[in-house]
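Just dropping this structure here.
Labels run A, B, C and D following the written order; every chain starts at residue 1.
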Amino acid sequence: MLAVTYDDVVRFIQAYADVIAEQKDHLTQLDSAIGDADHGINMNRGMKAVLAKLNGHASGDIGATLKTVGMTLVSTVGGAGGPLYGTLFLQLGAATSGKSELEPADWEAALAAAVDGVIARGKAELQDKTMADALVPGRDAYRAALEDGASFAEALRRSAAAAEEGMKATIPLVARKGRASYLGERSAGHQDPGATSSWLLLKTVADTWAGD
Amino acid sequence: MLAVTYDDVVRFIQAYADVIAEQKDHLTQLDSAIGDADHGINMNRGMKAVLAKLNGHASGDIGATLKTVGMTLVSTVGGAGGPLYGTLFLQLGAATSGKSELEPADWEAALAAAVDGVIARGKAELQDKTMADALVPGRDAYRAALEDGASFAEALRRSAAAAEEGMKATIPLVARKGRASYLGERSAGHQDPGATSSWLLLKTVADTWAGD
Amino acid sequence: MKKLINKPDDVVTEELQGIEAAHPDLVRVFYDPHYIVRADAPVQGKVALVSGGGSGHEPMHGGFVGVGMLDAACPGQVFTSPTPDQMEAATKAVNGGAGVVHIVKNYTGDVMNFEMAADLCRAEGIDVESVLVDDDVAVQDSLYTAGRRGVGTTVLLEKIAGAAAEERRSLKEVADIAREVNANGRSMGMALTSCTVPAAGKPTFEIGDDEIEIGIGIHGEPGRERTKLKPAAEIVEIMATAVVDDVPFKQGDQVLAFVNGMGGTPLIELYVVYNEVAKFLKGRGVTIARNLIGSYITSLEMAGCSITLLKLSDELIRLWDAPVKTPGLRWGV
Amino acid sequence: MKKLINKPDDVVTEELQGIEAAHPDLVRVFYDPHYIVRADAPVQGKVALVSGGGSGHEPMHGGFVGVGMLDAACPGQVFTSPTPDQMEAATKAVNGGAGVVHIVKNYTGDVMNFEMAADLCRAEGIDVESVLVDDDVAVQDSLYTAGRRGVGTTVLLEKIAGAAAEERRSLKEVADIAREVNANGRSMGMALTSCTVPAAGKPTFEIGDDEIEIGIGIHGEPGRERTKLKPAAEIVEIMATAVVDDVPFKQGDQVLAFVNGMGGTPLIELYVVYNEVAKFLKGRGVTIARNLIGSYITSLEMAGCSITLLKLSDELIRLWDAPVKTPGLRWGV
């Protein structure tokens, strides 16, 4: 694989919707431990709306489609997840505007813009026990892999693996942003739901685009 | 025993208060099955108030004291039990007004007046599954015993025994008066709480005045 | 038992102290015996309205004391009728010389206690008219029972009769309007959960996690049927059908629709229920001219609701719309 | 899960349909996206107030739309912040040319969504001022958290700022008054039981039969301590102390005391609590000049209460007393 096509992007979006549907209860469960028990429900409502929105609207423009995903998430997810995932996809879209293919460097730029967008929106720092704890290592590992000369597929796999580690590393953390922060010390010992859905996103990217 | 003294009457009132305190949960339990779970609580509140009221006020006038009991019950019990037991004691008091001793015939008249008062107040008929189902046989058995030439003590014991039978006979009945009547057929199979407290009353009379 | 109380025995007295502390502009509270009167009682020349009943149904009745509604309320112990001495004292305190209406919900205890009180008051020369509320269609075979219970219509009756009294209508007129409201109002309730009487300490009845009781009374008295949990639309269908068929309400009638929470029911659910009631009545051609949605006649923390429909004349609408200023119901002033 | 609903996914929409059916004289309801505006919106020349938040807190916010309070409310899914498109549509619908105040409870989701909405509105030339409510003293170490949550003070702020807007004060003045209310209001809540988000189907948290959570958030967020059930007096002592010491309220201060039910709490308990609050404040030399007692900012069917104290100036009292006519709060009209 040298580049990702428009159809690959659509397949990723569909696969992410499937993953979220499948992991809905798990994400909600994680959110019930340190939040308000709705993260899976919210994300699933959003991704279902995305599927309905995209259905039969193949524009061929990767950026436009990702922006539509972002807009749809913004207006259907709500809570913290809505603006954050909405921003993530809006930024992916802005960075890939007009493109019908993504080369490894395009994804690097898009991912960087998306992660910046999430951080600008939520003002989270690393170790605040948020989505950023999965996204930032995922972005960094991808970039490092490309610099190491890894293949596109390999870089995506390393990105997902780093996000997974980042997600797991949220377990001992004390939350400092979002609803979980109200728990103080009691938030330690639980995996962050947003970091989990962010890992699932990068994992779905890898599974869809770097599938064996 | 040929007659009941003022002190005997006071001992009966005290003993009835003790019995009600002891049976409070049981009466409430019976009321929770076919009523609103307060009969024991209400009667106990009333009899406690009676004790407080009588404490140190030995008038020597049986009728006056029984009227005080009735007035106190009327103003402290509430619910159906308040007017019914209030009326019962008010009528006992009216029938024994000015007396310092009760002979067997005095109690016959007093009991008859009390039962009439309860029936006039509540308009219950026999088999309606109410207090009347214990009181009426209790009254009738007492009268019949005297007519049979039984002793005062024996007549009181037969009165209590008949009330007990009447109380037990409420079990299969379908209630037609009071809160239990809302249950319709479902009220069958449960002993009536008011019939139970009425049996306890006649039993306490017998235990106190006809004690071995 | 989990409640925001101190000692079970003190609940009613402390509630009254809370009302007294909260609403000195609206009511005055008396403790020996317990009763609540409107701040400006007695209002000379006005027919006075006295109601009362067991506590645990808040805001009814104490929360309905004030201008345009009740002159006095007598709170009993929780779910236990108040006593004649309370009613007598309250009646005397609010009697403005034009007579007093006793509004009595049809429960054996309430009826007998109010009867004794009315006798005492009449003996002292006060004109008392008793009005019985018995609107609960859940009670069937009322010939063989203590009759229908007084439930949701009580709230509407107290408001409407209160407005009539405020217009200085005569004792007979006020009592007649109250009876007209009772004759034209019907209710039915249901429970999702039981409630716990503080002094009893445990739930009044057991109910499965997937069961509801349709036709419940406001003291947790059993209803018509114990059934599996159903969607709100089906529950409303059952209850509203029983209510509508009983008057009967006909196509073209104007009604006041009152969706009442039992105490533990959140407002979001009451609006879902009201939506179903509105759809149901539309289907029957009945017009909702007025409505009331909220927890006004409750059963402690019971979850559930009741539906009351009152057939409205223009006159009843006018009296309903009249100003009212009480802790529990307020508009127009 | 026992609720008076149809399908969990439809609760919010059906609730809105219920509100629309119930209060056409007060509000208009829109569905795509969801928002509620006062019947006469936009009011030309008046600063408009828009609030919103997750559903499940009824009557807040939809029940506070009307004359003298909010111009619009945006209901999210249960316990989930609404979305920027709702806020944008509502803001446009009520903008009367004098600017719009967004009243935002301090939750990450609400803040970010309202931020995006404000950006969109400003891009279209509408003057938007955002006011953050963060009055929950239960959140400690607010430097290391998302900050204090917005709870009970929100209700008081919406009423008071609404009255200021009704007087045709400027955007800046209305926003400043709102901020003054937030600066002078503090709250703390507690729960006896959990609530169940309809879409989740099971209780948000587990709590023992003899336990309470002190410092609970209105979405069931954990509080300061999990403790054994205590008498109301002790619970009030803990909560009121935390609230009073935080502003701090001093001897001689005048306050509005707001005792709020969490949705499943019967009014009888709220009056018992109010009685304790009144005694507590008396002991501190603080005067209760106004009060509000009832379930106004709820957490579905959660049992529990919150206490909010707002330090009052004469001006705030005047604005509090001004007429208000909404489904959830009404007086003076």
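We adopt the following convention: a contact is a pair of C-beta atoms (placed from the backbone, for glycine too) under 8 Å apart; a residue touches a chain by one contact, two chains touch by 3 or more.
Computed from a predicted structure; not experimentally measured.
Student: What's the chain with its C-alpha centre farthest out from chain C?
Tutor: Farthest by centroid: A.
Student: Can you check how far apart chain B and chain D are, centre to centre, with Cα atoms defining each centre and the answer in Å?
Tutor: Centre separation, chain B to chain D: 55 Å.
Student: Starting from the mean Cα coordinates of chain B and chain C, work out the distance between those two points in Å.
Tutor: That gives a centre separation of 32 Å.
Student: Round to the nearest whole Å and give the separation of the Cα centres of chain A and chain B.
Tutor: Measuring from centre to centre gives 76 Å for this pair.
Student: Can you tell me which residues of chain C touch two or more of the remaining chains?
Tutor: Counting only residues that touch two or more other chains, chain C contributes 78.
Student: Considering chain B alone, which of its residues make contact with at least two other chains?
Tutor: none
Student: Just spell out which pairs of chains touch, all of them.
Tutor: In this structure, the chains touch in these pairs: A-D, B-C, C-D.
Student: Can you list the chain D residues touching chain A in their complex?
Tutor: So the residues of chain D touching chain A come out as 33, 54, 76-86, 107-109, 112-113, 115-116, 139-141, 144-146, 149, 197, 199-200, 204-205, 217, 219-222.
Student: Looking at the complex, which residues from chain C come into contact with chain D?
Tutor: So the residues of chain C touching chain D come out as 2-7, 11, 14-19, 21-22, 55-56, 58-59, 63, 78, 192-193, 209-210, 212, 229, 231-233, 235, 263-275, 278, 288, 291, 293, 295, 298, 300-301, 303-305, 327, 330-333.
Student: Touching chain D in the complex: which residues of chain A?
Tutor: The touching residues are 28, 32, 35-38, 41-42, 45, 74-84, 86, 121-122, 175-179, 181-184, 186.
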